[in-house]
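Letters A, B, C and D name the chains as they come in the text, with residue numbers starting at 1 for each one.
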Amino acid sequence: MPNSRDFLRCSALAALLFTYIGFLLGAEEELSIAAYLLCGAGVVIALVLFDVFSAIERLVQANETFWQVLMLAGTLALIAVFHQDHYTLFLIGTIFIYSVAVLGINVQLGYAGVINFSGASFFGIGGYTAAVFLQNTSIPGSLTLPLGGLFAAVIGSLLLLPVLRTSGHYSALVTMAFALLMKVFLEVSEWLGGPQGLSLPPLEFMGINFAEDIVIMGKECSFYVKYDMVCLALLVLAFVFVRRVERSWMGLAMDAVRIDETAAACFGVNVTRWKITAFTMGNFVIGMAGALYAMMLSYINPSNFTFSDSLLFLSILLLGGIGSIWGVIAATAFMVVIPEKFQVVQEYRYLIYSAMVLAMILFRPSGLLPRKPRSYAMGGRS
Amino acid sequence: MDISLLLQFFINGCMLGMMYALVAVGFTLFFGVLDVIVFSHGDSVMVGAFAGLTFYLLGVYAVPGLPVWASAFFVFLAGMAFVAGAGMLISRFVIMPLRAAPALNTLLATMMLGTVMREAVRLFFPDGSNPKPFPRLLPDWSWKFGDVLLRFDNLALFVAGCLLIVGVAMLINHTRLGMAIRAVAQDAEAAQIMGVNFPLIVLATFAIGSAVAAFAGLMNGLYYNEINFNLGLLLGAIGFSSAVIGGLGNVYGAILGGFVFAFLQVVGTVAMPFSSAYKDVFAFGVVIVLMAIFPTGILSERQSQRV
Amino acid sequence: MNKVLFSCEGLTMKFGGLTALNRLDLGIDEGDILGLVGPNGSGKTTFFNVVTGIYRPTEGRVFFDGKDITGASSQTVFEAGIARTFQRSRLCLELSIFDNIMIGNFKRHDLGFVSNIFRRKTFQKTCEEEVEKAIELIRLLNPELVGSIHKPVADLSMIDRRRIEICRALIGKPKLLFLDEPSAGMTHDETNQLMDEILAMKSDERQLTIVLIEHEMGIIGKVTTRCAVLNFGEKLCDGTYQSIVENPLVQEAYLGREVTEDEV
Amino acid sequence: MMKKSVRWPVFGGAFCLALALSAVPVLAKDTVKVGYIGPLTGGNSAIGLGARNSADLAVRLQNADPKSKYQYELVALDDECKANIGVQVATKMAADAKILGAATHYCSAVALGTVDIYHRFKMPAIVWGAVEPKITYGNDYPEIFRTIGTQEYQNKVAAAFMRSQGYKKFAIIHDTTDYGKAHKEFFTQFITAGGAEVVGIFGVTAEQQDFTTELTKIKALNPEVLYFGGLTPLGVRIRSQMDKLGLKVQFEGTSGIKSDAYISGVGPALAEGTLSFLDGAPVEKLEGGKAFTQAYAQQGYAQPPEAMGIFAFASMKQIIDAIEKAGPSRKAIVKALQGLKEDDTLIGKVTYDKHGQNAIPLMTKYVVQDGKWTVWEDSEYASGKRSLIKVK
């Protein structure tokens, strides 16, 4: 456990962070949203100028486990605060699920360097698998999660041959072509509900029907609380899994393949095997996230999984800092909440949103929280 | 499937192929010089079409005494000049600052730039979200051979497209500027040491590539008599696919790639039994298979990897 | 005479019209330090690349430790026991010193899914052992590096990077080590210091065989037990350092021939 | 820079000050909120923006009326014509208890996705633009209503009309969205029942630019009529490319292309003679039509009302009248709407059947004459002065 001074610092920092997020999520009027965003940006710039930011990073790295517990506690507190507010809970759930999907892409691109422009297509495959199984068979909802992942991985393997043989822009094209092809395929195939898409019965999980509101500790909460719990559990699982992949010989092998294939081969690293492993593992994680998203949405159709959605996943990964897990979660929150808060500006949303991403890429290319050199020990003190 | 029908499909395929080739040439030029994929190139095509339309509406073309179709030349010139300027600005403020960044950053940055261009035209062009009619600048003659209809404006556009491509190829292969561009494409540092003004060459390449894209946009407008703010999105993806099929960095490869993709789509529509919406599924599916067979495109230059 | 560890017969490598290696026959005994010398572009690095599977040889056979490894993949060549360094150092600059060294140790790592993800306790233990091993290896070369073992390699000087590359090659306990111009980019006395360190490592592992590509003749003379001279892809001669220096063919290849009166 | 220990208080202080600054005072008078959801970005944004303005017009007229019991505030959200965004904004609106009712959706896929949400939160929703039958008939939720007719009814009228014009051979192009697919299915069903023949069916994606190949294949099948199930952007491209390929056949569209943008897109000459069908009567034919157009112009909206403006206005007006009559509670509003019989609205008499579908949809046939959509009965085509394209 950290010493008392760090304990205080970390808790204060986490408290400030979550109050800010709480205010931002709760804000409705345009004026208050703009004020929050401006003061948030101002605070971050001030941090960087007074190099407090690097002090915070050292603090966080020093007591990593404690910081993770704080983050979990903060998120649960947020859900508790908004337990009545269906919409905000839906947003929080979306942040969790998108983070899991982008962590999947992170394994592919961040570690093994395999570019995947069809992230949203595998997300959709997971979703459609869950929909088809829930409609036609009576298997429990929770089982469709791994099934969604499995189907995404299996269909992903069709792309393995071209992806392995090509590199750089050429492999970018292969996955791009698959993304464009997949959307039209979903739209045209009748047995998948065609353009109407498919609706899903609510998730049944250990006897709890996820469609009715439930009472927790005497307070009547929105049914999205249950979904948020499952999404949070999936996120924690994915976080631990990806963190352990990174901090193991597998992660090291993937990094070697990403940075310099020839040199890695000369030291016994089987380049093809690691590209296949990373690509398939990534697709499995994305497929699982897709299945859960479909259940939460309870209705999916091809226009949810287009090429521009794949771009959204890649932009999130890039903004968070390729390879950095906390960066991915922070960037996901940023990229899901900000366009939602910009609803108030309506028609100009896409213009402002893409201009912001462009500016981010030009002026902060390493991302919000760039990846630190890996330290194998859990505590980070090795 | 009688012969006149086949001939008509062939003509359609050629027109489509020409448009894809013109867009693909831009992708290949930019990749050749800077090893970078400029994904806003598809939207430069759209901006070219809208620029041409604006100049037409402002009457910039109305040179007294000249017949309408002669003045079409000025609309094309104005549109291409505008987009060439825009291309130079893009290279100066988006591409060059990202030279040191990994390739993915530039790819995503240019994709976002494309979205900004699309939304800007949709919002700030008067009533931009609806399709806009494109004026018929070329005369309306057409010849009928049996059932096959050959229109003068299609023929004129196709010939103009060929001339432009041959012009670009000649410029790249037979002029001092072209030699400088190829030198930079091979090895930017070595070229600079030999006195090649690298930033100037990059600006020139972007000007040429963007002008060709503007021509494709204007050709799209004249051929379909309609332009909309969304035409750049799919055209960009197809242009990129064509450039890659042909082999990035190879101008002739881009032209071949463009026509291959066009005929894939035509075959996909004609030969496929089920609904023709599958033609994109078919076309992109073949692209994936082609990449598995030719990992660096069909006419790719053989670059041995220095170890 | 100890056992012949490595031999190649009629090894040829053609890049289109260019013949980089022309029917090269070479034998290396266990425990030897062979100096591979020759002017630039004489095929020395190509020889390394062909043996380690980066290029497939056009003709000829390659035998190592009794096995035929002609055209084998880089990975199988490494598993057979041949490790190498590169002329332009190809370290993973973003990764830490420990990571870079561990890349050379993949034969011993258990890359299984279970052990890496679920059995974290055992993984942590093996990880600590590996860190000890790496530190022990680095201490031989440069003790100061031990402190910053988890720092990225990008901040290190040229000579330290070269040391890390050598550690990466040696951590896997290879039988044959290919050193490709270790002195490239370093000052004269740095190179000497590096050579002494390599000799020190060689002394406590009797059967380690080294093939060294080097331009500085002083080092070749001091370090190698035998030399081979390549010129335009062909082997001019083979023997001790003294014999090759006096060999007229070698002198001509390096310094050119005096032109007699009537030839002008 | 600053000493370490000084830094923390400065950073904390600045943060609290910023939070305090942003607390905004809440409006004094009690307001009642009503909602609108439609496509404000993307390809159908023209229709969506026009409908939003019309719904906003209904709210402004009500607020200007002194007798109104409440002050109304319109909450307009953008569903981008995408199901996942639609579900997101529908949840946002339905979950906000202060919003009592909403005029929702032009894109059928989105409407299908959100009906469950409105039912779950018991919020009355009147669909102003989506014509897919399953939105109302696919469920028996009391909260879902629809003023506009369904594609089924529209195609029944269209098929009967085309048969009366003596057309026998039809070719169909439709976009692969649910809107296009439903039109294709219903029109094929009704036209073949009447003995006509469908020579070819072609599905195209909404983003497709080039149709020369499909149109050449259609030309070979030489149909008498080309039926297009889809929206204006695609309709404009297909019509102009038909002309380029010399495909001189009668062009018949659906409610999707009944907009001024279609005529300006292809130009009056090419648009001449195009047929389309739309629910309700044309604005100028409606009693309140002129008043609506004047009021709309008075407010100075940036976009024209487009084809669906009158339906959005009528839907919003019904919700407001229900609130005035039954009071600001969602259940009461649902009951009030269900009770409507022959309710006099801008688009004519409205009665809701047990599925919430407007039982007496009025279907009008339109033809483009001299660059304007004119009602078939008033056009010179009906009087015989001009004739539709009849291919021998």
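Methods note: a residue touches a chain if its C-beta (ideal position, glycine included) is under 8 Å from a C-beta of that chain, and two chains touch if they have at least 3 such contacts.
Remember, predicted model here, so these are calculated numbers, not experimental data.
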{"item": "Contact-richer chain pair [B-D vs A-D]", "value": "A-D"}
{"item": "Chain with minimal offset from the mean of all protein Cα atoms", "value": "A"}
{"item": "Identity of the chain that, by mean CA position, is farthest from subunit D", "value": "C"}
{"item": "Between subunit D and subunit A, distance of the C-alpha-averaged centres to the nearest whole Å", "value": "35"}
{"item": "Whole-Å gap separating subunit C and subunit D, where each centre is the average of the chain's CA atoms", "value": "73"}
{"item": "Between subunit C and subunit A, distance of the C-alpha-averaged centres to the nearest whole Å", "value": "44"}
{"item": "Residue list for subunit B, restricted to those that touch at least two other chains", "value": "275, 277, 280, 307"}
{"item": "Junction residues of subunit A - those touching two or more other chains", "value": "184, 187-188, 262, 347, 350"}
{"item": "Where subunit C touches two or more other chains at once, by residue number", "value": "54, 86"}
{"item": "For the subunit A and subunit C complex, residues of the former touching the latter", "value": "241, 244-245, 248-250, 252-253, 255-256, 259-260, 262-270, 373-378, 382"}
{"item": "Parts of subunit D lying in touch with subunit A, wherever the complex brings them together", "value": "1-2, 4, 7-8, 10-12, 14-15, 18-19, 21-24, 40-41, 45, 49, 76-78, 81-84, 87-89, 91-92, 94-96, 108-109, 112-113, 116, 120-121, 132, 134, 176-178, 180-181, 203, 205"}
{"item": "Of all residues in subunit B, those that touch subunit D in their complex", "value": "5, 8-9, 12-13, 15-16, 122, 127, 129-133, 142, 144, 147, 149, 151, 154, 220, 223-226, 228, 230-231, 233-235, 265-266, 269-270, 275-277, 279-280"}
{"item": "Of all residues in subunit A, those that touch subunit D in their complex", "value": "9, 12, 16, 19-20, 23, 27, 29, 31-32, 35-36, 39, 42-43, 46-47, 50-52, 55, 85-87, 90-91, 94, 184, 187-188, 194-197, 199, 211, 222, 297-301, 303-304, 340, 343, 346-347, 349-350"}
{"item": "Residues of subunit C touching subunit A in the complex", "value": "52-54, 73-75, 77-79, 83-84, 86, 90, 92-96, 99, 102-104, 106-107, 109-111, 113, 116-117, 120, 123-124, 127, 131, 150-152, 168, 172"}
